[in-house]
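As structure tokens, the structure follows; a few thoughts come after it.
Chain nomenclature is as follows: A, B, C and D, assigned in order of appearance, with residue numbering initiated at 1 for each chain independently.
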Amino acid sequence: MTTLTNDGKKSLPHTHTPGNPAVWVFVLSEMSEFAFFFIVFLVVKLLHPELFSTGPAQLNTLAGLANTALLITSSWFVANAVKATKSGHREKTISWLALTIAAGLLYCAIKYLEYRWNVDHGITTRTNLFFSLYYYLAFNHLLHVLIGICVIGWALLQSWLGAYDAEDHEGLEGAATYWHMIDLVWILLFPLLYIVG
Amino acid sequence: MRHLTQNSLNRTWLILIGLTLLTTAIAESSALTTVSVTAITLIVIVKGRLIIREYMDMKSANPVLYWALIAYMVLFSTAMPLSFLFG
Amino acid sequence: MKYESQKVAKPYFIFALILFAGQVLFGLIMGMQYIDGDTLFPYIPFNVARMVHTNLLIVWLLFGFMGAAYYLIPEESETELFCPKLAIVMFWVFAAAGVATILGYLLVPYAELARLTGNVIWPTMGREFLEQPTITKLGIVVVALAFIFNIGMTVLKGRKTVINLILITGLIGLAVFFLFSFYNPINLALDKFFWWWVVHLWVEGVWELILGAILAFVLVKITGVDREYIEKWLYLIIALTLISGLVGMGHHYYWIGTPKYWLWLGSFFSALEPIPFFMMMLYAFSVVKKRRINPNNKIATTWALGTATMAFLGAGVWGFIHTLAPVNYYTHGTQITAAHGHLAFFGAYAMIVMTIISYAMPILRGREEGNPPEAQKVERIAFWLMCISMIGITLALTAAGVWQVSLQRLPETGATGFIDTQTQINPVYWIRLLLGLLFTAGLAAYLASFFISGRTESRSA
Amino acid sequence: MSERITKSMARNIYFGGSLFFFLFLIGLTFDTMGELPKRDNRENITASVALGKKVWEENDCIGCHTLMGEGAYYAPELANVFNRRGKGDEKTFKQFMKVWMSIQPMDKPGRRKMPQFNLSDEEVNGLADFLIWTSRINDNDWPPNIEG
């Protein structure tokens, strides 16, 4: 048995991966789950091309567009929050994180309006396979936004309690990574559901 | 404006919003063609890459993770024109 | 080995692994039966194969937990086991009862087994996972009581640590909730309601305490990290486990006749259930990162980190996929449930037993410094083979489940019937079977690693 | 993250939290026990239904089938088989059950096989009654369609 003299990490000087291994297992498993449903989506599309060529036009593109803009903006907020912490501005971090949560909540509100709009236009989970998949993917994404809001909320709380400083902010980076993942997935979902099908 | 674009986070935000509007404009202007779907796909890849590099700050991260993220975006966005062509 | 009586863990571990091999064998048989319904019919009908598969799983995990407790309780309590002889006697009682029950499943028709064991007097048989004859169930209670008595007396006379207190809480909970298996009302809704008090409160409740305690013990030993730090995390993790998991039982109360409010309660609390698993993974990685010692038994660390990760994937992610009531309405009782079951049981419970075996077995065999590198290399290959093929099986079953839902559950009219759906899914079952063979190869490599003795038996620091 | 949480705080969260939610679960259980009689049509449990449940259990039917979605996933869901095969008519369903149980195992190569259980007429009748009773439990409209 040997006692380690250093921390046992063989890190190269200029590499830095945000977050930690556990966060990345989480993020990658979530992305795999979405990947799985992307594949299902494409397979069903090959089997029923007619549903998928007419489906996207029936959805509310404006809602999709607004939510894309919101998520991009929220990613920008989060990135600013991390940047603020790195330069030691705790108050700024808290404001940026609060803005992120606000954007997330606004996203949920738009989703709610969109679902109501859908019901008024006779689009339900069982209208056809395209809409079933649209609902599954969009609803699943909405859930991840809700989880993301909790995660960012937790980071905000930690930040408020002074848990992070310019050197040590792994938790904040982890939360930010999770939030950006939500954004990345939506960037794929937006054209897939609302435009191309 | 000048102050806004000097900051790379802000600049990225402007580009991303612009690209999103462009996507919608392409989609709404006419019926989808192979060319327009390919354009939309390229925009998705550019957007994904910007977020991964600038916002997630993966430029100097573990290269396996970095390329896995990039590959994810490329793979699933190119499935769109492919399924459009052969679907 | 610090205490002589820790040795009683050895037969428990060995027998657990033998049963594990049996479980996998019957898994393969069922994998074949999914593809070709004539396989081994009528000698081993599917229900018999499944009963053997799941019962072996439960019994080998119990052997593993008992072995783990016999190993770690003396070391944590800093005293010899209260009565090592009792532990050995109970080993033989439990092993004999287990083998007799499995043989009963295989050699006589189940109805005949029920008649022979007097199921009429006190009917408890024929419910999923609780198929054991009533006398076997009573035997399990006797063994569990003797075991808890032995462990409890050891803790009482020795040092009390958070790890041994949580372990014993988990073990007592295991025994107490098993008592619900003796309650079998004629009213099916009631029957199902309390059946979950065994099944759910085991696997999503008290077993997680056992898992947490074993993992914490191994992490203390292989990293040398301050006990205070590890124990604080352990408290937080099991606190969240129970806070989310107790009422999380509601996700089983959606469609069995129970009131509608369970749809909300179950969805909300079970959506929180991945959090303790995520914390466990976070903590395992952070403890290993902080490690102060670097033992030669490197593979034990791999198992510990692997358990935390795979438990999160199987119990956390795959549980969450279908836990919300609106989703579960369509996925309940499909292959998606099977997918979750496989990865969760393997990732959380099979792997924690292999973790403690990987840490403790070399010491029990007199290899205080861990297995020789040659053996560890094979064990590492086995680790990856088993993990990757189990993830593959899970993905295949998930695909099968999604396919099944789209054909059989989603269409309001003109849905495909069950058997026709299964026939269409057949290609995926082939993939699952091939991955099952890969898993078997992994298990074979794992078992083989015990027989490799390197040229350098003991290495000094 | 948890630097400010001390071990004793963590212990209190564990004891307090699990005790609270265990009591909450007990409370919910009592409430459910009060609600169940309105939903599980227990007043219709006859001796024949009880016999049916015994037959169901002593032949390990759950080892292949699901019942209200629980069990093995090898053979069809049976909580709604009364509606699927009997079209909701007791006589039709009992006739179906009698024939169905007698022709097992079916001679179709490769098809999943159901063993011959050699049940008496009374037992088959009881099993049918048990499944009819089960189909009338209010289970929040599960399964989504007749195929189960």
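The working rule: a contact is a pair of C-beta atoms (placed from the backbone, for glycine too) under 8 Å apart; a residue touches a chain by one contact, two chains touch by 3 or more.
Treat the numbers as computed from the prediction; the structure is a model and nothing was measured.
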*Measuring centre to centre, with centres taken as mean CA positions, what chain is farthest from chain B?*
D
*asked:* Taking the mean of each chain's Cα atoms, which chain ends up nearest the overall Cα mean?
replied: C
_When I count C-beta pairs in contact, which pair ends up with more: A-B or C-D?_
C-D
_Roughly how far is chain A from chain D, centre to centre by C-alpha average, rounded to an integer in Å?_
39
_Intercentroid distance (Cα basis), chain B paired with chain A, Å_ = 15
*Provide the C-alpha centroid distance between chain C and chain D, rounded to the nearest whole angstrom.*
24
*Counting in whole Å, what is the centre-to-centre distance of chain B and chain D, each centre being its mean C-alpha position?*
50
*Junction residues of chain D - those touching two or more other chains*: none
*Which residues of chain C are in contact with two or more other chains?*
410-412
_Contact set on chain D toward chain C in their complex_ = 2, 5-7, 10-11, 13-14, 17-18, 21-22, 24-25, 28-29, 31-32, 35-36, 39-40, 42, 45, 49-50, 53-54, 56-64, 66-77, 105, 109-113, 115, 117, 133-134, 137-140, 142-148
*Can you check the complex and tell me which residues of chain A touch chain B?*
14-18, 24, 28, 31, 35, 38, 42, 45-46, 49, 52-53, 61, 65, 68-69, 72-73, 75-76, 78-80, 82-83, 176-177, 180, 183-184, 187-188, 190-192, 194-196
_chain A residues within the chain C interface of the complex_ = 1-4, 7-9, 20-23, 25-26, 29-30, 33, 36, 40, 44, 126, 129, 132, 136, 139, 143
_Footprint of chain A on chain B - complex, ascending_ = 9-10, 12-13, 16-17, 20-21, 23-24, 27-28, 32, 37, 40-41, 44, 47-48, 51-52, 54-58, 60-62, 65, 68-69, 72-73, 76-77, 79-80, 83-84, 86-87
*Mind listing the chain C positions that touch chain D in their complex?*
30, 33-34, 36-38, 41-42, 45-48, 50-51, 110-111, 114-115, 119, 123, 125-128, 131, 162, 184, 186-190, 192-193, 228, 231-233, 235-236, 238-240, 242-243, 246-247, 249-250, 253-260, 262-263, 265, 329-330, 332-335, 337-338, 408-413, 415-419, 421-422
